[in-house]
Amino acid sequence: MRELSYREALNEALVQAMDADPDVILIGEDIGTYGGAFGVTRGLLDRFGTGRVIDTPISEAGITGACVGAAISGLRPVGDMQFSDFITLGMEQLVLQGARMRTMFAGQVKVPLVMRLPGGAGTGAAAQHSGSYENWFVHVPGLKVVMPASAYDAKGLLLAAIDDDNPVIFCEHKLLYNTRGHVPEEAYREPLGVSRVWRRGRDLTLVATSMMVALALEAADQLAGEGIDVEVIDPRTLRPLDETPIVESVIRTGRLLVVHEAVETGGFGGEVVARVVASEAFDYLDAPPLRLAGKDVPVPQSEVLEAAAIPQFRDIVRDARKLARNEV
Amino acid sequence: MQNAARESLPQCQALKVLGPAGLKASLASMLLIRAFEERVDQLYLAGRTRGTLHLSIGQEATNVGALHALRAGDRFFSHHRGHGHALAWTDDPRRAMADILGKSGGFCEGFGGTMHMADVKSGFLGGNGIVAGGLPLSTGVGLAIQLRAEDAVCLVLFGDGAANEGALHEALNMASIWQLPVIYICENNSYAMSTPVNRSINVETISSRATAYGFPGFTIDGNDFLEVFDCVHAAASRARKGGGPTLVEALTYRIKGHSRSDRQAYRSREEVRRWQEPDRDPLLRLEATLLHAGIVDEEELSAMRLRASDRVDDAVAWAEAAPAPDPSGLLDHVYA
Amino acid sequence: MRELSYREALNEALVQAMDADPDVILIGEDIGTYGGAFGVTRGLLDRFGTGRVIDTPISEAGITGACVGAAISGLRPVGDMQFSDFITLGMEQLVLQGARMRTMFAGQVKVPLVMRLPGGAGTGAAAQHSGSYENWFVHVPGLKVVMPASAYDAKGLLLAAIDDDNPVIFCEHKLLYNTRGHVPEEAYREPLGVSRVWRRGRDLTLVATSMMVALALEAADQLAGEGIDVEVIDPRTLRPLDETPIVESVIRTGRLLVVHEAVETGGFGGEVVARVVASEAFDYLDAPPLRLAGKDVPVPQSEVLEAAAIPQFRDIVRDARKLARNEV
Amino acid sequence: MQNAARESLPQCQALKVLGPAGLKASLASMLLIRAFEERVDQLYLAGRTRGTLHLSIGQEATNVGALHALRAGDRFFSHHRGHGHALAWTDDPRRAMADILGKSGGFCEGFGGTMHMADVKSGFLGGNGIVAGGLPLSTGVGLAIQLRAEDAVCLVLFGDGAANEGALHEALNMASIWQLPVIYICENNSYAMSTPVNRSINVETISSRATAYGFPGFTIDGNDFLEVFDCVHAAASRARKGGGPTLVEALTYRIKGHSRSDRQAYRSREEVRRWQEPDRDPLLRLEATLLHAGIVDEEELSAMRLRASDRVDDAVAWAEAAPAPDPSGLLDHVYA
């Protein structure tokens, strides 16, 4: 089985999408010669030229607007925000224009764009280069939000996101770029709006996103050794959220732990918990549904502080164990 | 500002491009906008509109001059004060009125209202509630036109106040380095809400900003239809040939208050009155020019005025008869 | 008892804060001669002059940055965003600078600013002028988020927000400006981080914010006639959230309904539900905790569509009744 | 660029303001920055740093020239490439090194790291990870200085790439209409990451943008300490007298890669080498000037170089001995 890194998988998805459809173009800072801040667009300038791999000035509102404008003109732009944090400069174009235009104009336009947001902490990049903003976008009707946790999903979901006729926020994680996994050569799609059940289990449902999926799976392994059988589900698409497998799982396990890196307060975990407790799973709950998430602090730079701010493997094990043992 | 064009009509590009019939159509469009906006103002005062309202009265020469200088295949973005643009482009007061009254059958079917009319198929890419919101969008449209080597331009309208948004800077710079076929029309109507333009910028002209990006900028008499048309037409021709963007600052004046809530404490009635005199009012000026050139006579003019008012009557009746939007369609357009 | 409108209450708070402290200044578009888009700053230019009531160009990032820069220089700026939606243009300065600077610099600065966001739908202002973004800010450590629902709270909370040494997002609602209520003359403070229990009840806990508070109280009146006794709680400060009264209430009632105007998905309701179910109230829940919120659509302009998008009195009555009667 | 200053030192404001001792201190600061940055580069290569790194090597004349032209009470904002600014202002390599190594005892105690050093009490209002992020902030500081009628200025440094952010436009416009005491220093080091400046702007100079807002802009040799000092000093004097803002574009060059991840495919080694020659390197140029003027001799220079390197050794040893931040303090600074 062929293995690729998450970075290479994304790169291959872009190549295949661009090969197949001349309307797919890339817009962003340093995506040409430099190959993107994280190397995702390496080689694309040589292959597709400056007409389709468009290096921009440092103008994030301009980049976002260029993507929206190109999208309503029939192109399928893939924007590169370099770091997720910089979308704070493009929120107006993304949210007030890109996400709303179709409704405001009663369906006269489609806005098929993908905005790639390399996010997350763990690299010592400090408070302005480590953000996880996915729940802001989950809160915006008109957007879709995708967050792949593996090389396989990175490729399949990116291809599906580019196919989609709506603005899709594509949340990558910096620490995942070097992770490797099986990635088929063909241009397969993983449909948006379908959760992935990574592992079946009877005792506890662990919903995790992005970087937290691998840690959750490791935690599940360790807990299996302690006789605790953990089911791990990755929504992959946060909006629209495929909640059915989560609800079904909680009906079986009676216990829910949601883990994400973004800070807890006001985060996506609240959405998952609220949906589950409002569902038929409510009657099956054996313990309070819990969240484990980033501490409520801007991400610090140094290693010890950063690690203390972000959920770690041992934190997941601890919380899952407690929950499974009714110690909460 | 004098009516210089009046004497120089024969030299005008507008006459060559539009011909006498076209010029009359442009005047008719301006008359329609004026009549439409005056009616909308009455409807507001009678409590029959909802939400905000920004009227184009006084700015008709820029509205029509800029848009009639385009041709089929071109695109444009309007802004919050966009009834005039919608009418100049679509000549469809019924749909515009339906939007304003929140009815079905308009451009945006009760979703958008006054600030969000759009007729995308025809190239009218919509109004905007966000000051300068159309500027970054026009970059993308310009890019698309360029990448597909289309023989088209994208025009984007914005106000003097919008010129102070960061979006302007990013858009103008990108258009310049990529030589995009985009025409920027700043409708400098002397105020942004309560802020006179000289309190928000510290240079003589907004058009001079173009030079900081390396492309041409012009400040013109925005109440002179012919000057607006010619300037925009020339900019469009240049852009079609790969000559890149142009910034046009059209000096004009907003006759009505900024919006519903405006008490207009920031200006004098006298100032407003001066802009309504025959040497400044854009309608009176184009009428005088066309009369002088023998393109219309007084009788025809009266008929045109009557027709504008009739069409507005019809639009109101039509829109009032139109059904309200059906709430069951609330979620129909959120996703494609 | 003296009555003022919510607008007048805010205006009085500004006057009293500015009278008491020369460091309090106002920055925003059309706040001078025009008196602010909603009349909240009327008369302040005459009273305090252009040095303290600073009319700006239309430059929301600039306004936000000016507030942050002034705040770290020892002033106490109160920014006016004219419409909440426009903060999308100032997110970088607000979130990446204002909210994080203190932590990034290990406590070397204080950032005492208030950003007023007139928000909400109901006026026919359409999708770009009707937004409720409070949960974005709830998701940002370093910010506080305040959302007054009455004239009394508007004044007391604004004075407390101006006193606070942190950046405070102050969410006003356009439809509340004309609502009237008792407002004492003195410069009283309502502390941030304290929920208000508007009404006691035994059968159901209704948590509501902003415009929804008045509707919730009306609904409670109506339901009282049907023998359903509703407790109505308004958090007033969304971050930090004073959850204790909510938890205690649910322990008594066993039922929770959270109502807000912002769209449901990814919204503040999820946070409230997640906190309650993670608390000791979990064991007392007699029914699934529910949310009632804005529909997932950009706010439409016309009356019927807009009303269909935003929770109405009858929706609250319906959902509360169902919940109380175990019909969910 | 030639070493014009070498001959004209006697006329320089720098000599008058700083005196010979001050000039030596400035040279010492530049030597310290160079030695410090070279050591940081080695530490990075040895895997002893974490996160990104942006080195100031080649830009020392601008770093020191701009900041030594300020005085106590003034404030400034640095940016992502800010080690040089931190050292020029605080002369405290220990704390800077502690920040870079993620230790306690630095400016930001393990919270900020390389991009977020700050020493607020002294007027150093911090680095910034966001390109152009300091520009809007400087408006607020300028306002505060003006409202309190303080005899101070605020200086904000940014790169050539930052000049294309909308934030620049809004900040420059607001500073101009309010005549704020703010000095904008664009360190034009020829590239923004991989983007050469002529691919991101379509005009000759970035300083020309100032004219679009109505205040002076200058393009100067940013590798000439004396020219930088004099220009910034004059701008500061003007600002103190209520003369408003100034934009200074200092032409310089980034010798090292943009950051850790840079393969530098966008430029030739030859180009880099040319900027390291004696007629361009900012250290060699100031050394030559001071030697020529008899302000230092070779022996003293050697001692100064040694001292710079010793201080860096000391800083590394000190920072390495410092404890890691205590995670129990994680939430200490979120709220005041």
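Here the chain labels run A, B, C and D in written order, and each chain numbers its own residues starting at 1.
Definition applied: contacts are C-beta pairs under 8 Å (C-beta built on N, C-alpha and C of every residue); 3 or more make two chains touch, one makes a residue touch a chain.
As the structure is a prediction and not an experimental result, all values here were calculated from the model.
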Among the chains here, which has the CA centroid at the largest distance from subunit C's centroid?
D
In terms of residue-numbered contact pairs, which of B-C, A-D or C-D coincides with A-B for over half of them?
C-D
Averaged over CA atoms, how far is the centre of subunit B from the centre of subunit D? Could you give it in whole Å?
46
What whole-number Å value describes the gap between the mean CA coordinates of subunit B and subunit C?
37
Rounded Å distance, subunit C centre to subunit D centre (Cα mean):
42
Enumerate the residues of subunit D that touch no fewer than two other chains.
108, 110-112, 116, 128-130, 133, 164-167, 170, 173, 177, 199-201, 334
In subunit C, which residues are in touch with two or more of the other chains?
57, 59, 61-62, 85-86, 89, 92, 96, 103-104, 126-128, 141-142, 296-298, 300
Subunit A partner contacts - residues on subunit D that touch it in the complex:
50-52, 102-103, 108, 110-116, 128-133, 161-162, 164-166, 192-195, 199-201, 261-263, 265-266, 324-327, 330-331, 334
Sites on subunit A touched by subunit C in the complex:
61, 85-86, 88-89, 91-92, 95-96, 99-100, 103-104, 126-128, 135-142, 239, 241, 262-263, 265-271, 273-274, 277-279, 282, 285, 287-291, 296-298, 300
Complex interface listing, subunit C residues touching subunit B
29-30, 32-34, 37-39, 55, 57-62, 85-86, 89, 123-129, 295-298, 300-305, 307-309
Across the complex, what residues on subunit D touch subunit B?
164-170, 173, 176-177, 199-203, 208-209, 211-215
Listed in rising order, the residues of subunit D that touch subunit C in the complex are 75, 107-112, 116, 118-121, 125-126, 128-130, 133, 135-145, 147, 166-167, 170-171, 173-174, 177, 332-336
